[in-house]
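Worksheet: the structure to be examined is printed underneath.
Labels run A, B and C following the written order; every chain starts at residue 1.
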Amino acid sequence: MLEVKVISALWFIGILAEAMTGALAAGKKQMDLFGVVIIGCVTAIGGGTLRDMLLGNYPIIWIENVHYLLAIAAASLLTVMIAPLMRYLSRLFLAIDAIGLAVFSIVGAQKTLMLGFSAEISIVMGVVTGVFGGVIRDILCNQVPLVFKKELYALVSLATAALYVVMKLNGGIEWVSLSIAVIFGFCFRMLAIRYRWSIPQFDYQNKSGSCH
Amino acid sequence: MLEVKVISALWFIGILAEAMTGALAAGKKQMDLFGVVIIGCVTAIGGGTLRDMLLGNYPIIWIENVHYLLAIAAASLLTVMIAPLMRYLSRLFLAIDAIGLAVFSIVGAQKTLMLGFSAEISIVMGVVTGVFGGVIRDILCNQVPLVFKKELYALVSLATAALYVVMKLNGGIEWVSLSIAVIFGFCFRMLAIRYRWSIPQFDYQNKSGSCH
Amino acid sequence: MLEVKVISALWFIGILAEAMTGALAAGKKQMDLFGVVIIGCVTAIGGGTLRDMLLGNYPIIWIENVHYLLAIAAASLLTVMIAPLMRYLSRLFLAIDAIGLAVFSIVGAQKTLMLGFSAEISIVMGVVTGVFGGVIRDILCNQVPLVFKKELYALVSLATAALYVVMKLNGGIEWVSLSIAVIFGFCFRMLAIRYRWSIPQFDYQNKSGSCH
């Protein structure tokens, strides 16, 4: 049961990291503290909620267990308090966010597999869980979603979820598959940031398209 | 049964007020009349619809009873016709909108309680019902949602829903609880507008955060 | 069964056309190729997905049959490759998009009718299916949804869905009703573009409203 506790702990860390990215985005739009809490909550739980609504998988976890919402609200408010320190913590924060991305993608795929859906849909739902919290955050903050533009965010999510699903379907032991996928996703994301990896952008302006 | 009729009437007034805010927002973006009607509908029913989708509570009320949609569409078009008068009616309109906010928050919490969910989730769903119609309206009109920035909108919704839930759970008679909560929410909102009450904003720019 | 194959083929063409509009919109925001694929998918399946979530109609079709997603992803990437040709293909593309709009509206209404909902809700769901893929695309690309502003897009959807539903409820043979509605919707849309038909816009600025 140790691996369950480890993945739960990492998942919870991921939720709090997502809440913090939401709170900071809200701060950039000068929202009030209530708006900060709502954006923090939506960012942290939005991806998993959308997944469950797409799958018709009710009740949604935070509706059954309201303590998640309270922890997320607290993390959002804590972010406001430590915001002046964020410039010193930005590397730590990126690392926590990378853990969150990997764990969300894996847990999203894992839950979908366990509900009996196909491998492909499980991978898609891993991406929905990993990425769409940030997408909803950016929509609420009136920005083009960052994850569609930068730093392989969505690709890391896809690769991590796919790696986990492939290992599981080939008889991988749960905690080994989880560990490998988390480490892979974390390293992939950190390397993508460090070396500014990117995939080609599609630039289509004034009816003349190019891909560079 | 009088209190049922009163709350139904207030809820219907609230829906029409929400439709009008949607129509005016659509007008600011120079939408065509069909866009005005769609934004009016989404604003009026978006919060309750999102609540029911989150709870898995099907069928959604306006799908069972399509007359709500027709009334909302009519209110949206009426708004276009009386728009030149809106400057003279703005106080009346704010008052109607405040009634709508209070009633939506209470009805959202009430329905969630009746479905057997916890007090906390009922309060959260009161806020979802009261606030997210306007959030979806602002997203469709490509604006940062106002409710996260101004005039205690979301806080009024939370406080009103919480007051109703606490009274209900402590054995409050339905119509007394409803009346007190409606009056409380209405007065709280009107006072917040009148005296420009606000809660602190979180302003996080250029990596230097402050709360003021 | 020929008419089933024809409508399926047209529906599939519509999905691919929608994916292409999504890919082009993503290119205007300089998204990376992964973002292009996601926007393409969301545009193509967003309307039908929203309809099924509103109706509580699970499982959603692309979750049961993942091949749709793969075809849409391929169409999105193909769009990137042929983007330089799009200026020469723009008329063809508008025609394909018009077919897609008509077929989506009809299929959305048809599925809702077959689930036992009322005629009015079936028409509303036709509009949701026909129009909201593009609405979600524009939200993700941070634009005011075009369909609320231009070229009768939403009105064509409503009229086409309504025509189909009225014919069906009056005993119309399926393939005759389908054919008439598809041809009507296609022609209506092409004529609206050709002759710049529009319905009045509601322009509400600085508290002075007018409709022109």
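A few points about this structure:
What we mean here is this: a residue touches a chain if its C-beta (ideal position, glycine included) is under 8 Å from a C-beta of that chain, and two chains touch if they have at least 3 such contacts.
It should be emphasised that the depicted structure is a prediction, and the values quoted were computed from it without experimental measurement.
Comparing the residue numbers each copy contributes, chain A and chain B share less than half of them at their mutual interface.
Relative orientation of chain B with respect to chain C corresponds to a rotation of 120°, obtained by superposing CA atoms and rounded to a multiple of 5.
For the pair chain A and chain B, the distance between C-alpha centroids works out to 30 Å.
In chain B, the positions touching at least two other chains are 53, 56, 139, 142. Those residues of chain A whose C-beta lies close enough to touch chain B in the complex are 23-24, 26-36, 38-39, 49, 53, 56, 58-60, 63, 66, 69, 80-81, 83-84, 86-87, 90, 139-142. Those residues of chain A whose C-beta lies close enough to touch chain C in the complex are 53-56, 117-118, 120-121, 124, 135, 139, 142-145, 147-150, 152, 154-155, 158, 198-205, 207-211.
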